[in-house]
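Per-chain residue numbering starts at 1, and chain names A, B, C and D are given in the order in which the chains are listed.
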Amino acid sequence: MASQQMNRLELFSDAVFAIAITLLILDIKVPKHEALRPGQTLLRMLLYQWPSFFAFATSFVSILMIWVNHHAIFKLLGRGSHRFVLINGLLLFLVTFVPFPTALVAEYLGHPGEKTAVLLYTGTFVAISSTFYLLWSHASRNPRLLKHPTDHSALSSTQGSYLWGPILYFATFLAGFWQPWLSVALCLGLVLIPQLPQLKKND
Amino acid sequence: MASQQMNRLELFSDAVFAIAITLLILDIKVPKHEALRPGQTLLRMLLYQWPSFFAFATSFVSILMIWVNHHAIFKLLGRGSHRFVLINGLLLFLVTFVPFPTALVAEYLGHPGEKTAVLLYTGTFVAISSTFYLLWSHASRNPRLLKHPTDHSALSSTQGSYLWGPILYFATFLAGFWQPWLSVALCLGLVLIPQLPQLKKND
Amino acid sequence: MASQQMNRLELFSDAVFAIAITLLILDIKVPKHEALRPGQTLLRMLLYQWPSFFAFATSFVSILMIWVNHHAIFKLLGRGSHRFVLINGLLLFLVTFVPFPTALVAEYLGHPGEKTAVLLYTGTFVAISSTFYLLWSHASRNPRLLKHPTDHSALSSTQGSYLWGPILYFATFLAGFWQPWLSVALCLGLVLIPQLPQLKKND
Amino acid sequence: MASQQMNRLELFSDAVFAIAITLLILDIKVPKHEALRPGQTLLRMLLYQWPSFFAFATSFVSILMIWVNHHAIFKLLGRGSHRFVLINGLLLFLVTFVPFPTALVAEYLGHPGEKTAVLLYTGTFVAISSTFYLLWSHASRNPRLLKHPTDHSALSSTQGSYLWGPILYFATFLAGFWQPWLSVALCLGLVLIPQLPQLKKND
């Protein structure tokens, strides 16, 4: 697969990420105005829906970060192998799946069944981060895929971040057996915390 | 972040804007034909749904204008800092959120809870216009991000429009405490009125 | 607005067309399996839903044709005026609106209220074809917007097709007062019939 | 239609594929938490929904493969005829339709009406693979559409895969009369099995 085809694969992947990230809002349901009982306010009903907002925010920042990482790998590659295309297909499959466990968490957090909902949610991110590691390791073992051979060290130096992903998400997954809402909060933290030091830098 | 990456960030942002603007129509619900009582016409039912059409139109023109302003900033920039990417991510987060308060306004205008719905709606636009000001001020304080250093004066000259945005939207937000529907109408006016003189010009 | 900006405006418009055309399928509702009464078959229920399929097909081919015509205008233009951008925004507004009257026709054809549904549907296409005429006439009156001045005659020669659009759609609209389903069929015919002779040609 | 227009047609088609593939997840319904009866677990309810996951996965990989094949044809073409554009339009029409039979299969597999649902599903893929054959044969009979005349043999050599598509999907369609779920499994197998040997190769 030559450079032009890689470009098209990247554009297609970008479109899938953009659509998946924008569809998430459809999971926050608008309470019917007839359902507002006397003495109850809309504000209270919205606050009661906090798991929807929490799941929306967590999935949004997670998919945005997947997009950033996806781009970081693609910008080093000049061509793709057939296996690379298949792994990328698996990644897109998992990303388009994200709105479903997000909606499950929104519906079940605080209700019976929340453990199952959260385990499927964090499990999806374990699968996504593992697929990313596959994508990275396939690229790093096939230097002929690189745009510039000198990028090989750049790629190798990022091994840490791609290897830690599945490990940290798996720990998050395990936390779900104990405290479901904490597990979702850890998913959000995994994405946001590494950004904090960057806010001070000016590049 | 080099020029090519900025291009990809702009394309991704554009896709998110395009999807968010097109999803808005899903908030206008089609009344079931079985719900039509004898003597009631579909026209009357549709007229009764005016808040849906009003909220749809207001959100559409607002997101379109966000897209135009977003482009106006990006076309001056040759590269982006990490912080710029994060502010842009916050902007996309708020834009994908817009369909939810839009649906709230469509459901609650004219019913108990309309104040909360409208305050969340206009509050979202206060947040969006403030994020725009952040984006603008970050770009204008970092001339090395500019494509051409001479664009710095072009960027500075637009400070007014980016600074007035949050102020006017905040006034609109305050109006919502007093008269909710007027507050939404002001949101629409804030976008449409500045376009009127442009219609006479021929460029 | 220079050539690069026109490119971005065209890409944004294309994305809106692509999303609107793909969202149409969401209007064909899947009957719940519990709703299947004994002795009733799914096939019969689907056949009963023919207005949904009819409205889906009509809106699909109409939006596809709008996309083709939109491209035909844009490929002649090297730059856009502010007014051109506003007319294009109005066109996008109307195109994103199409799924709503489509869903109305799907719900009301064959039921009380079908006349209103169909008039709103065909009325939307009257508005779209009129906006197209505006777009065309603005471009043809401003030769400085053209990529090549010699394209002016190419643009003028297409006046017929852009002028006939609103006229034929208005006749279709009027037919809706008399026979609603025929009016939708005419909308479909207006797009498909001009394609038939092209099928014989080999270019 | 010149090269630049073909590019735009390909981008538009890509966007439609990307949206259709991402909308599929909306067909997996989240069971309401109130519907969970005492003693029933969410896990059991999700397992009960297996036809939704099965149909989602099958449609996802099928559309992804349609995208790959679509690209394989387009990369050989330098220009398109009017008829080519129409056949491509028919292909897009069928692809945007896929979410509907997918939702039907998700709702009816294991219930009365499953045969009709599956026949419509596999019938859609018979139509898509036949349209692909039309696209291929039109391109191969019009060498002037090719980017490089030497690509003609490359195009001819792929006849097998485009001819076998409709034949195998038709066999799958016939299997649906006998065993509906097997028919959907065959659809999935038709896409996945040819990928298996590719996993061993390293290109």
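FYI, a contact is a pair of C-beta atoms (placed from the backbone, for glycine too) under 8 Å apart; a residue touches a chain by one contact, two chains touch by 3 or more.
The shown structure was predicted, so the numbers you read here are calculated from the model rather than taken from an experiment.
For the pair chain B and chain C, the fraction of shared interface numbers is less than half, so the two copies use mostly different residues to meet.
Most remote chain with respect to chain A, judged by CA-atom centres, is C. If you lay the C-alpha trace of chain A over that of chain D, the rotation comes to 90 degrees, to the nearest 5. Measuring from the averaged C-alpha position of chain C to that of chain D gives a distance of 25 Å.
Computed centre separation for the pair chain A/chain C is 36 angstrom, with centres defined by C-alpha atoms. In chain D, the residues that reach two or more other chains under the touch definition are 11, 15, 19, 23, 26.
Taken as a contact graph, with one node per protein chain and an edge wherever two chains touch, the assembly forms a single closed ring in which every chain touches exactly two others.
Taken together, the chain A residues at the contact with chain B in this complex read 10-11, 14-15, 17-19, 21-26, 28, 30-33, 36, 41-43, 46, 56-57, 60-61, 64, 67-68, 71, 75, 195, 198-199, 201-203.
Residues 4-5, 8, 11-12, 15-16, 19-20, 23, 26, 81-83, 85-86, 89, 92-93, 96-97, 99-100, 103-104, 107-108, 111-113, 116-117, 120, 142 of chain B touch chain A in their complex.
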